[in-house]
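The following block contains the structure, expressed as structure tokens.
Chain nomenclature is as follows: A, B and C, assigned in order of appearance, with residue numbering initiated at 1 for each chain independently.
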Amino acid sequence: MRITIRHETLYRYEEEASGVVMRLRLQPASSNAQTVEDWVVTANDVPIERWITNGYGDAEAVWRAPGRVDRVEIVSQGTVRTVDCAGVLKPAHGAVRPQLFMRATPLTEIDDAIAGLAQRARSEQGPLSSLHALCKLVHAEIEYRTGSTTMETTAAQALAQKSGVCQDQAHVFIAAARSLMIPARYVVGYLRDDERPDSEHDPHAWAEAWVEGLGWIGFDSTLGLCPVDGHVRLCCGLDAADAAPIRGVMIAGGETTLSHDVQIASLPPEDTAQSQTQQ
Amino acid sequence: MTCSEMLGEAGDVRDCYAAVQQWVDETGIEGLHRRLSEAEAIFRRIGITFAVYGEGGDPERLIPFDLLPRIFTAAEWARLEAGIRQRAAALNAFLLDVYNRGEIIRAGIVPGDIVYQNKAYKPEMAGFTPPGKVYSHIVGIDIVRTGLDDFMVLEDNCRTPSGVSYMLENREIMTRMFPELFARHRVAPVDDYPSQLLRSLQEVGPPACKDVPRVVVLTPGSFNSAYYEHSYLADLMGVELVEPADLFVEDGLVFMKTTRGPRRVDVIYRRIDDDFIDPLAFRADSLLGVPGLFNAYRGGGVTLCSAPGAGIADDKAVYVYVPEMIRFYLGESAILQNVPTWQCSKPDDFAHVMAHLPELVVKEVHGSGGYGMLIGPKATSSEIEAYAARIRANPSEFIAQPTLDLSAAPTLGPVGLVQRHVDFRPFCLVGKEIRLVPGGLTRVALAEGSLVVNSSQGGGVKDTWVLR
Amino acid sequence: MLSRTAENLFWMARYMERAEATARLLTMGQRMTILPGATMRDEWRSVVQVTECEDVFGKDAIIREADIVEHLILNADNPASIRACLARARQNGKSVRTALTQEMWEALNEGWRKLETYGVNDARREFAEIIDWVKTRAMIFRGATESGQLRNEGHDFLRVGGALERAQMTLRLLDVKYYVLLPETEVVGGHRDHYQWTSVLHALSGSRAYHHVYGGSYTPAQITDFLMLNRQFPRSTLYCFDQMAYRLQRLASWHGQRTPANLRSEEMVETLAQANSGDIFRRGLHETVQNKIVQCNALGHEIAQAYHFG
């Protein structure tokens, strides 16, 4: 599938903010499952050109607002060609050893209920089967309900209330996988959802787990499936806080309001020129 | 029996201390006390003070200074030096390895968990090789002596070991006040430490720097307990002493704010902990750091000394494996031995520790500065009971060692010389090559019988002599 | 040089100058309270006004010596107190330890906690000693600066800060005491005004110098001339303005660039140098002084801007 994405993040400051610096992880990398045809990130209309690769293998840049600003608008936009690889990510992404992703974080603390859930998914046929079962189980146990959780909700809380959004489903999956001694990490990206209008999308999140011999494999508990060709992968981390695609600081600026606007459309496969003139 | 630094096996004064003994006899105890007050007055006026975190009282108190030097013979130093250099090389090799392929873990020598599950291991560093492959540019190695021929390493300090200013100031005071003592000995000089430090730092300039790198010292500020040392080192190296607010990151490079506008900075000798250097990379609630600093570092725009995450090499759980690291990376056997250590995370060790608490010293794996430890022989049974409960609750957080009978050195007491336990911290510099000035900081536990030498717990300092 | 270093040097000099000025004002205040008729007047009030901390004392309360000792010497929370000024000067110095010589640091550091140990009663008993001690500290600091500090830009930042603070102190004193210098008071005459005049001169350590310049008699016009326009007296407004312009010009050559602060400081010198005390009285002493205070504040801002303070 060819997917075009426009992701706009807008920060508005009640008073003019000084010392605004942001760390961006908004540049997708090419892999077996996705080829980035073109991609541009701008901050207040200035293109971000200096990207480094971080320890997780993701692109990362720092942008510093000149002087005082009352708004910061970060726009990433581009086209990605995707294929369905049954979730298997190649080449093995990131320099950090998979074992690192056994670390517990406050958002992915394992409690008895999570350990119990993991045991129900455990399969005699090895970790891959366990993970597939776990992905379906989390999908079944946690109802997708917008607004039922916050950014701070932990995996344990989400499982206890049996509802949440993609972030919570991914956290529960990750915590449970780790309790089975399988390294797992949080992935941020986009999902083209054919049932929604192009302009009504949100950033998406899922999980990846490490299976010896296969590498990192994606599991999307929101769908109960491995990622398909509607997924575009952006960056990863130990949990949602660690994988945040934008992190910022400022010295002063009063109240900050944040809004997102994500537009995702699928394009006809070969029609490159026309798609660009349409934008 | 406690090993005496000054007395030989037969109770005779060792040759290396003979002239000091003679000086003490000539000066008399009263005379020494008079000179000590003069020395203290100089220290206070200069402002060499040491504040202790989290303890009330004078925020800028003096660290007690003892007039009697601690002396190493040339032969003793030769062995120490070889051991220190070897250890500094192995610790840096270990850091390069665990932030890249992790061969020592794959080889089954160091368990992966104690590295990757450790907060001191920074995944942000994975896959990045710092300039010169150096992570820890100043390695402070705490060494104790238990017999005339027995030196052991108590712990390593790979982040930003402090105390080198005392090494320099103590020598300065001693030469100023007692030139006659130095006339009687051939004491190896330590005063070129700052220029060696500067050279080491200049050798690890970042890829973006094509000229002689501009070095700065980064301090959290004048309220920090080691601020005096920060300003002292900056002064002696002739470089700027900057605070985080003086720096900013632009286009992958680091600049300091000057009256002439922004100026490039290439190498930052930072005396701020990992967690606080960059709120965009590490602790988001840090008000201290320079936003974007880590990104600039990873991008090759600046060098941070020490590298973030260097602390994994001096973690007490990793310490146990240093002799094996030396074998693994250098193909040598360790010249300086470790103190035997029981890891409470291992069931057998745990059982041994719980059965022998009154004889052991137990430490928190991630603790430092002598805080939160149990000294079995000095503890009451209820203290031992309470500590045992903590170990049981979280065994992997603790290690235990036998209570070492540290050597004792002659120290000025109220009415005469007394014997007090000492340790030793040399400062090994790592740039393109490894450098070590002949000396270091000798800390002394001033209370009779005490084994705690930490300056945060009432320890004092001595000048340390290496004879030629 | 680091902007923070420049800023700290600038403020360090200001706080030292302020501590010393407060000490001098206290001497003046005490002198006036022992003069005839003092109990009828709130003599300490003018001291409090000059140091700009009336809110600490209350608008209408009678201010006693004990209050003054407590708040203007010992109170660490009152930014105008001597203790606070010395502590801040030391803190500024500590933050730029590498830009100071050993002697300068020792001058700031020695005895910096002395005032912590005093209660109000002890301090009243040792009032004169404390004041002398403060003045001595300031003089040692100046001496250490004069004889040891490199004449680099740091020195100029320090000196411009000192001159600005000193100019403001003289101006504030004139602002509070202007009424005793108005020509009409000549008609009133009498001892009181004579005491007031000499007290003002004392507060600025200018009695002797005044006599050298003007001979034995005191007139408001001459005192005003002396404190505003004399180019030899180091606490006069014009002398301080000269210093500021000179130091700022040196900074401009260090940096190879003139700034709005250069222009303003030179205008300040020029305007004042052209005035005589007659003009000043015609225009209104009070208005003139107020106007100079505003200009000093504006200059402070421009310096901060030009060299990227804070």
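Following the convention adopted for this analysis, a contact is a pair of C-beta atoms (placed from the backbone, for glycine too) under 8 Å apart; a residue touches a chain by one contact, two chains touch by 3 or more.
The shown structure was predicted, so the numbers you read here are calculated from the model rather than taken from an experiment.
As a matter of contact connectivity, taking chain B out of the picture divides the rest into A | C. Among the other chains, A has the CA centre that is most remote from the centre of chain C.
Of all chain pairs in this entry, the one linked by the most C-beta contacts is A-B.
Rounded to whole angstrom, the centroid-to-centroid distance between chain B and chain C, based on C-alpha atoms, equals 47 Å. Centres computed as Cα averages put chain A at a distance of 62 Å from chain C. Taking the mean of the C-alpha atoms as each chain's centre, chain A and chain B sit 42 Å apart. Not a single residue in chain B touches at least two other chains. Across the interface of their complex, chain B is touched by residues 19, 21-23, 50, 52-57, 60-62, 64, 94-97, 99-100, 102-103, 238, 247-249 of chain A. Interface residues of chain B, counted against chain A in their complex, comprise 100, 102, 105, 112-113, 116-117, 121-128, 248-252, 279-281, 284, 291-292, 295-296, 298-299.
Per the touch definition, chain B reaches chain C in the complex via residues 45-47, 221-222, 227-228, 231, 234-235, 240-243, 245-246, 256-261. Only residues 1-4, 6, 91, 94-95, 97-98, 102, 105-106, 109-110, 153, 157, 251, 255, 307-308 of chain C touch chain B when the two sit together in their complex.
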